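Naming follows writing order (A, B, C, D, E, F, G and H), and every chain is counted from residue 1.
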């Protein structure tokens, strides 16, 4: 029979990133078929935007091997051990920082994706600029990261303030937190793109997954 | 003859603000007629958005009595002395703060309007959040104002950071500084409107005049 | 354990405003944890956008100390007594004015926030400009306020008409009342921002809370 | 030779309106050819958006028969006498009302189009709602019109206030007067479309011509 | 007790239109209170956007006197007899024309409002330009109306085609029919506003009520 | 009785395309009436956007003759045999290609419409450019089509890449797949319209039906 | 030296279309270099958006071999003879139809591109729907084309009306003709995309070149 | 005297990036003052968006020490030698890739900024996806970079195709190349943000400077 999907078997070879499936637009039947195929082929898989109700509606044989997290709505099929070259006491090279606690689901999606891609990270929450001291309290820690994923909605001033204070790569993830002219994250997105701080990059609204992939591209670089 | 304009003679009585003329959409003939009428009626007038070329093209008898400032493109007809009740050494109750030096024309329009309305103010420039220490260096001073007019373009993070640090009324003036998704000030406007700091109010893009009028409404309140 | 939120303990000191929690994007578990923490720390708290269903779903021990208002969807934890320096017969310095009765929930959010911040106010409803006499009937009263919060949807002409008639500070709150090109309040917002009346300031759509905070910043100013 | 334009010879029969040519997008050669053709065919023509520079660049034989008005940028080819059935002392059934003097060019385009279509009108200028008394002073006069063309930019509150006060048909013409979020007239347009006053209709931004055509359709109705 | 609404008792005197209540943003309690007040005051009322579920949820004593139509979601309180001066055989002066059958609810709202305002009208459905012959078949009839309300979604070409073919006033009502770039009626609205046919006026998306009020303003004009 | 719909009996004669009914905006009663009328008149009909719940709610006598497909939400009334002039072994002249499996419902709508219009096609799925080899693997096949319908959401790069590689007509169907700035298909639409590859045409978002009609217009052309 | 451009030598093989250069964003030096390279390589080239001033500024040796048309701002390098297989008396298979004479530059770009690609076409101008009889007069002719390129600005109703009347492929080219909400062609674009007539495809605003390429893809199909 | 600007002396320490001045919104007097101050303080400076006419208008003593490039409109004050730790034959770790030759000015701004920040890079031009072979020809080279800056306008498909083929960090710079719905780069921006390839990050439209700063943040990371 003609399958209606084609897994991208060589993605890791080409880009260093393993395959992931965005579940939001897919039917349960499609998700189930993809999972069955991946399991039978012995492949790892990250599922994003898998709503709790959809996870619960999958047959038990499909969810048995899944590590599902309802906050981030992600599921991982296959092993998630930290990579061998990260020694016990070593500090993570990546940080995921949020402006408010409403941004945690997106941040967690990023953290889970980094985990799946073999990069440990640290989450630092609720340090938005309305109470600047909360951010300054954690600044030394944040300055130690090679990559900072800055997750913020509304006007996303966190990305600009961080951009002026830290040397690492900054990947802003605008979130849909807010209402009115926050416009589902559009204002946060545009604010991050026009940041007065130099060198802030941006991904799509609520795209914790994409930010983590961008971080992994940076962390995957071979030492020179 | 039927005049094509009607000055608003009772505006001060109703609102506490003197009349101002927005010149950008008017023909030179219209501006000249309004000036002539105001002079003959012995009335004060603030002209905003009067481009240097237009100012230069007015007849000398019309510009003789005008105090024109090319940076802010404002002209004042009539006296501009500081009001009697501001003693020599007293501190101004209003401050106009800019993120960058490109924001100065708009800030100056606000300062000139406050001057016209009888309220001294202080300008503090180039303290955008990309170099946060520049703002923190001036913080005590800014915290002393009853009203802070925050002038910033791009993502206007200045308004949010100020909103978390000062107790006074904050009026954000988004500016058209920037390019691309800055969108002529639209992003700064939307960012200021969705500020995570509570109690920031906003006026139209580049509207230094309006911000100053809002400040004057606050400063005009009778002591209770 | 690492808490995922950080209350802003010094906000009142820095800005004169007590902490508030925007509940719309938060999970019940997050709201419950914040309430428990605040109660145990003996802190006051204002909760906004707390839907009736969410309020009902909180455990009884959490809602026992809450003063909940379903119209404005606000809850106050802690005392709400009027401040000592407002004598019995004194007139409120702030007014909250609506164009239509659909705007009442937003207006009530503003009024409740002012109450929480210690400033009494008066609500005046359904005086939109389609029936101008309704507004003119209440004009003397509205002219007596130091701050007027003007709550209106659709084309929000109320803010412009008030701006030409009253001397106090005017904070326009565009509301999402309306349909079609009302665009969820975007037209009201843009109309208020381009008001032909000088000195009208604007906050985000439906942001009664923010308008009240801006009013409190004005009313908090020490007499000079 | 194949002409590249086709005048609409039966438009008056079908719609009661004579032909008009929108010049803004046309080359001088095209305008000249159309004028020559109309003159040789003995037809009347209204030209709109004919910039003074373009008018000056037309050959003298083409402009000799034109009645050109630079304020409205309109030219009329052919007779413009008031229609026979309007007696000397009779009151005009249509009024053109502006919020500010920057709106006059658009208002004049409407008035000139009405003149071309045989309907006298009265212009009333600079009665925007920022100074409400200016409008109320002229209210009885405006209430006497069967059709009111309300020309206003920025937030166009004039249309709403008129809509609540007069019984005649109201055609709002949003203008591009203003800056920032005025957005070239888009805010005025959207505000007029969401007017809280019932029965306000709207035409395109700066479209004085279209508003006059709509008024003519109303005024052309045969008495029943 | 202080009522939270104020009916506009003199609207008919001022504008010739009776009061109407837009129910979409109001609570059931508010609607019920308004109805009770109007009934006790012996006043007529038109309710628009009253969803069937809301109508069903009103107490029986409130709906007893209501003439409710679920297609248009309108209810009329009070008499709806055709006015005395419309003789039995006379032709209606107004027509309501739709492009497709999905536009009928909006068209019916217009027809019901005209009925409430005392003006009979005729509905002509499903004559969109994709099958031009359907429109041409009814053209003579449509040309006989003094006012044509043209109800169409998607690209609303109906308004333009009618504008070139009929002499009466044309009020376009863009509808939210369609998907994708139809954008909830925004494209229909913008298309109608830029119609190449002269003299088409436009009201808000899905605003059958407003179109009928505009028509009533025209039809109410006293004969001269 | 006056029917509220008018089937377009001569559409095939005029345009070569049979009638179709867009069900999304219609009530069940309207759909039922149209089906009953078409059946009694012995006419074929294609129903699009007929949700499974609506299909299930139709009376059995109405669905008996319908060929319903829940994935594409289409139903065909009447025969759907392949046309006589397509011999058994002949290759289809049209292809429907998708970027991802979330795009299949839209693609299937196109395929079903082509079937209804008598044109066989081949579907090729999940060949988006993130894994370019998947597309290149099928390139020879795609190059053989006279018409390629390219169905893709998000940034729709598939249309551009195909546009540079194949000689046939390319009709891009942007889909609403994606989130955030994907904006319900608006980004895919705009990306396809600005394709750097020459000669890509575009239809409305998710408009598989329209793409198939456009393909049928091409395939219907008589050989010369 | 490293050239900063790379002509696409195999484009014709891959897509059936010869190379074209979009000049609007390029410096004169870049255009000159590309022309020199193409001439020395003996290759044909179509230049689009070459402004008259830029054409005049090119060195004579570069323009000697160019066939330049100022109306469409196109230049063709190399032979432009009609293809051998189009006999003297044969009818063109493609038509380019405009709504108004302001649309001619875009239409001419399409016609010139078709000429360059070896397909004769006929231009039919100024047949917009405001005067429907002008279109109906030419209908038989337009129905004879296999491909119709419909060029129209403002609300682009021409595409919809044609879509209901002709059997050929219809490629709508929205133009930037118009003002206000015409929005530089955006309304025409969106109107064409939401056409109620089935099977209309659309290209970018003012993209006469792209429409012609799409037409060429259709006309290039080998007979089956 | 009070300077109206404040150079950010500690930016390098905080962020690893040297100061840059965005000239577009500044007056010549402001630029001149900043240059004079930096020279007297012995500081390096990068000037971006310095138009050739503005550069030419600066006094000779100010431009003497400037390395000005008119294509990118950048000027560097101070030394620009490659850093000591880049050995003669070493390969650059960063690449700047363009879709078309119109994108070169933006790409050059990025390359010049990298040079200023001490990171050599390679430019690869005119490899847009319309001629996919041009990109595939250079793929091995591009796969060798740790950071790829992808500069493209219109639909920016280059970023997506690269994202699926290379392992390095990808920073997309949408450009304002194009017209109509390209919308000054907005479509390229949104397309890059919704890329189907994982891990593409995006900066503001035409922001070559910001992309280079983001690349420098990555390249500056200390080896671990």
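One rule holds for everything that comes next: a contact is a pair of C-beta atoms (placed from the backbone, for glycine too) under 8 Å apart; a residue touches a chain by one contact, two chains touch by 3 or more.
Note that the structure is predicted; figures quoted are calculated from it, not measured.
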Number of steps on the shortest touching-chain route linking chain D and chain F: 2
Intersection of the contact lists for chain F and chain H: A, G
Furthest chain, CA centroid comparison against chain F: B
Repeated interface matching B-D, over half of the contact pairs identical, chosen among B-H, A-H or F-H: B-H
Geometric centre distance via CA averages, chain G-chain D, whole Å: 35
Centroid spacing, where centroids are CA-atom means, of chain C and chain F in whole angstrom: 50
Rounded Å distance between chain C and chain D, as computed from the means of their C-alpha atoms: 43
Centre-to-centre distance between chain G and chain F (centres being mean Cα positions), rounded to whole Å: 27
Per-residue overlap in chain E, given as positions that touch at least 2 other chains: 11, 100, 130-131, 163-165, 178, 180-182, 186, 189, 193-194, 197-198, 204
Pairs of chains in contact (touch as defined earlier), listed by label: A-B, A-C, A-F, A-H, B-C, B-D, B-H, C-D, C-E, D-E, D-G, E-F, E-G, F-G, F-H, G-H
Residue ranges of chain H in contact with chain B within the complex: 4-6, 8, 10-11, 22, 24-26, 30, 49, 176, 184-186, 189, 204-207
Touch list for chain H against partner chain G, complex: 100-102, 104, 125-127, 130-131, 133-134, 153, 177-182
Chain A-facing residues of chain H, complex: 11, 14-17, 20, 93, 146, 163-171, 189, 193-194, 197-204, 209-211, 213-218, 220-221, 223-224
Chain F residues within the chain H interface of the complex: 99-100, 128-132, 154-157, 160-161, 163-165, 178, 180-183, 186-188, 190-198
